[in-house]
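You will see chain A twice below: alongside chain B first, and alongside chain C after that.
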Partner chain A sequence: MRDLLELTVSALASGCIYGLLALAYLLMTRPTGIINFAVGEWGMVGAFGGFVLLSALEVPYALGLPLVVLVMAAVGWGTERLTVRPLVERGAPVLAPILALLGMLVVFREIVSVGFGPDPRPVPGALGFGRLELGLIAGSYQSFFIIGSTALVFVGIWWFFERTLTGRSFEAVAIDRRAAALMGINLARVTAMAFAAGAMVAGFAGVLVAANVSAHFMMGLPLAIQGFTALVIGGVGRVEGALLGGLILAFTEQFIVRYAPIPAGLAMGVPLVLLILFLLIRPTGLLKAREARA
Partner chain B sequence: MTIFSRALGVSLTRLSLGLALAATAAVGTAQNSVRIGMITDRVGPAKPYAEPVAVGAAFAVKQINAQGGLLGRQIELLTEDDQGRPDVSATAARKLSDQGVAFILSVSLTPATQQAQSVTLETKTPHMTPSNSGDTLTTQIDNPNFWQTGPLGSTQIATLLAYARSKNFKRVALITDNSDLGQLINRFFKAGLEKAGIQVVAEEVIPRGANTAEPQMQKIRAANPEALFMAGVLTPENVLILRAYRQLGLKTPVLGNYNLSVPQYTAVAKGLLDGVVFVDAFDPAKAETARFIESYRKDTGNEPYNLMGYGYDGVMMVADAIRRAGSTDKQKVREAMQATTGYVGVMGGVGATYQFRDGKRTGFDPNGMVVRVYEGDRQGRVVHVGLK
Partner chain C sequence: MKSLAGYFFAAVVLSAIAFVLGSYQTDVYRKLLLWITLALSYNFLFGVSGQVAFSHFTFYGIGAYSIVILTTQLQWPLPLAIVAAVLICVVAALVVAIPATRLEGFYLALATLAFAQLFVVLLNEGGSVTGGTGGLANYRIPEIAGLRITGPWYTIVIVVLMLGTLAVLWRLERSHFGRACRAVRDNPEAAAAMGVDPRRTRIVAYVISSALAGLAGMVYAFVDNTVNPVIFGLENAFLLLFMVIIGGSGSHAGAVIGAVLLYLMPFVLSPLIGHHHALVFGLVMVLAVLFQPQGLIGLWHSLRDRRAASAGRSTP
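Entry: the complex of A and B
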């Protein structure tokens, strides 16, 4: 029982990271139709932001984390202005910005690689290293912090989409871009905001996960794959789908490694099998998008 | 002639003179220097290891040049980036051979070094890797122009296994990552353990990019081993293992491969390292090593570590061979390098020497590795030397 509950906390924390990355994809994909695989590299940039502010400059966590998120908003906005908007304005097909963003993936990675060198860099956890025990439930301080802070992010974004006019403009663009434009919604502004928000969420996930794995220039690609898999499982239609997809992915990964009687090497392929199965059987993901309201 | 055209004429004359002087200087440098080529990985998977080795090599060149150079000439280090790719590595070797280098050092990935040999075999260019650990580099291709001076993977593992035998472990666990090298080392570890009659009760893999090692470490905790061998070479994944080890309250002794000797662990695994045993080829207490540390620190203001020592030893051995050859003639340099014996370098424990005995082209002393232990977050004392 001890193992099961420990593992549940661990899987919840990993699922939250995957969910945040899936959310970063979703925030951009819903209103624009563009899949931005540079999400993982944004996570990496956020992790290095965490290294600079929290480790090198020793800025207090409560100040450093929001600062990283703000910087990431600028990174996302800048990426959209430099690579997406010029192509959209020239009427390029949707594949063009996707490819341009793949190019940006390499640019981000190499800038960090050259700037910080190849060695991993330490990023502290929010509450330091330690083990919290609540009866039989136990996990690291960082795991509980990840779970709590991710819950706040998802509640905040749900509230934004459901309760604010700007959030509803996102939803309107997602449902019908042309109709939204005819209603006076500024599509360029929504796109820029979507990229800024996606970068903020990805950077936030990067800082959280870097406390466990450290910040290093090769960390982006796995984050991109994990987030995309969670997105496919949960579906691109609903915010809560991103979190659900992340949790399903993490629980599957960790419980199979721990309890399935298969060699360790084979257990690693299970998430990819899950991705293929969802793409074949339920390509829209578990949660469908809402229909337009009358 | 207007003032403008006169000025233009003067400028063009100056430019032509400048270009001519630059060209003469370049030819002069090529003729008056000893060129050594280095193939490194600046952007690929070997970058974290290749870069410090390359830094050590460059430091050795700087030191030799400051002391009057080699054969009365300055050494010119020509560096090529192979991105860790075998095909690019061969192209880099070809380019360096065409530039007339006296020797090529490969500090990239093992497969890349292997491929570069196809060129040095053909062009008869002396070629060495001071850092690659693959056991088959000197056996797969019969290339008399190639030498390997870094400790072989099998030597590293045998040294750690010798330490394990001295502790009488009977039941151990293995954990690695899914990198090619991590898998290879794991296989070597497993074979060595089974040969020594030590039972492997759990064997786990942490995939690259994982953000926890708790499921794998729970399985290891349930198997109750007497020791845990870490065979992985990816630093972030190894940090995850150490984090889960502390998190789950394990007390089993941890024995790490040479990757645990990279001092970056003291920063990224702070508070997790105390008592971890690791194999190394760097003993700061050895006189030659202490001298290297002191001179590097004085020159750069930074603290060197083992990987810089590999590059430093590589260049110093090449210089030693060229000096003994008395010229940069490829055949003479080849013969001088093969005749190397009793060379004491920065790497290896006290009493270890480099030599290419009985026509072999692997030069690291099989008894030259040491086992050290982390004391707090500091790389501490040597607790075992060699294979006995």
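Entry: the complex of A and C
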């Protein structure tokens, strides 16, 4: 029982990380139709931002984490400005920015590899190392911090989409680009904000996960795959879907590793099988996108 | 290339090169030819048929592992093993393509990416059959009728493989099927209205190009006489995509130029920047998509057109 509950806490924490990465994809995909595989590399850049500010410069966590997220907003905005906007303005097919961003994936990774070398770098947790026990429920401080802060991010994003005019304009663009543009919504501004927000969320997830796995220049691709697996499971249409997909992925993965009698290496294939199954059986994901209301 | 004489001439020249190279140069030359072969078939899948798939290197790997396992562990004779390995590739390609081509847009990319990663996981966990993370080594190409093809003669096999792949794709691209592929790529609805079945066209294109990749993998298996999971991972799948885009997708010449350029670039760059040539690949890729979507071959075409235009003006 204790074992089960502890596993639940750790699965919840990983599920939150996957959910954040899925959210980063979703923020960009929903209004633009562009899938940005560089999300994982943004998580990696965020993790190294965490290493520089929190480990090397020893900035307090409460200041360092928001700073990393701000820097990531600039990274996302700059990436959109340089590699997406010129193509969209030219009217290139939607595949073109996806390919350009795939190139950026390699550029980000190699820049970090040149700058920091191949060794993993430590990133501290928010509340230091330690275990929290609340009756039967137990887990590391970092797990609880991840769960709590992810919940805040999702509530914030949900509030932004549902309750603010700017957020509604995102949804309007997602439902019908042309109609939204005719209503006076600035498409270029929505796209730029979508990329800035995507990078912020991905970088945030990167700092959080780096406390458990350290910052490493090759950490991006696994994050990217986990993120879009969660996205496909939950569905690209809804913010809640990203979190739901992340949690389903994490629970399946961890419970199979713990209880199913298969070697640990093969368990790495579980998310991939899950992704393929969902693509085949339910490519729209569990939650359906909202449609225009008459 | 159109004429048989052209292929024959190319085969003689490319084979003759094999006899003047040292052992290190032979290794570089063989791998260059294999990259060109892969880029040609990937160009058909990505450039002509318009399918963004990351599974091409996976089929290269399936071909390589199949031939080694069949000839060494099961002791099958080489010709039978080749046929069986091609069949394995075709079946695997059908298993991926039939469900995956139902998916629109980037979902095919996701599905093939997952498939590619899954293949590497299975290779790592395959125990004594795949040799795990270390892969398989210490085998040799089996004898056919008491003869063992080695040295420059094996390089000729690769030359034939490359020219054969080119010939197949050249014919295919100019056939009714090739035009159907391009129609489905550019506008599936219009293609369907013209009586082309978009799904079937995508499946056939996927299976043919994947089987060609598998065939190249079988030849590769006896180049280094070792196969291991790292070679068939996503890194090389990305590199192949970059080659086709930088060279000019949809064009055979573009695929060849891209493969030659990106394969040889590290040899030029390594003395200058060490192992960080991938940074240059990424930058060139981004610049190509932004400023030269037709690739280097497109640059050449526009230069030629401009020269033809200015020549036309000067002699009215």
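One rule holds in what follows: the second predicted complex is superposed on the first by the 294 of 294 C-alpha atoms of A that agree within 3 Å, B and C clash if a C-alpha of one lies under 4 Å from a C-alpha of the other, contacts with A are read in each partner's own complex, and residues count from 1 in each chain.
Methods note: a residue touches a chain if its C-beta (ideal position, glycine included) is under 8 Å from a C-beta of that chain, and two chains touch if they have at least 3 such contacts.
Predicted model only: the values in this text are computed from it and were never measured.
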Contacts of A:86 with chain B and chain C, given as first, second, both or neither: second
Touched partner set for A:228, first chain B, second chain C, both or neither: second
Which superposed partner A:66 touches (first chain B, second chain C, both, neither): neither
Chain B versus chain C as contact partner of A:131, first or second or both or neither: first
Partner chain in contact with A:98 - chain B first, chain C second, else both or neither: second
First, second, both or neither for A:148, with chain B first and chain C second: neither
Touching partner for A:279 - first (chain B), second (chain C), both, neither: second
Touching partner for A:35 - first (chain B), second (chain C), both, neither: second
Chain B versus chain C as contact partner of A:156, first or second or both or neither: neither
Residues of chain A that lie at the interface with chain B and also at the interface with chain C: 110, 113, 221, 225, 265, 268
Touching residues (chain side chain A, partner chain C) in the complex: 35, 83, 86-87, 92, 94-96, 98-100, 102-107, 109-111, 113-114, 221, 225, 228-229, 232, 263, 265-266, 268-269, 272-273, 275-276, 279-280, 283
Parts of chain B lying in touch with chain A, wherever the complex brings them together: 43, 45, 47-48, 51, 178, 203-205, 207-212, 214-216, 218-219, 222, 235-237, 239-240, 243, 246-249, 264, 267-268, 270-272
Chain B-touching residues of chain A, taken from the complex the two chains share: 3, 6-7, 10, 13-14, 17, 110, 113, 117-122, 129, 131, 139-140, 209, 212-214, 216, 218-219, 221-223, 225-226, 253-255, 257-258, 264-265, 267-268
For the chain C and chain A complex, residues of the former touching the latter: 52, 99-100, 102-103, 105-107, 109-111, 113-115, 117-118, 121-122, 124-125, 234, 238, 241-242, 245, 276, 278-279, 281-283, 285-286, 289-290, 293
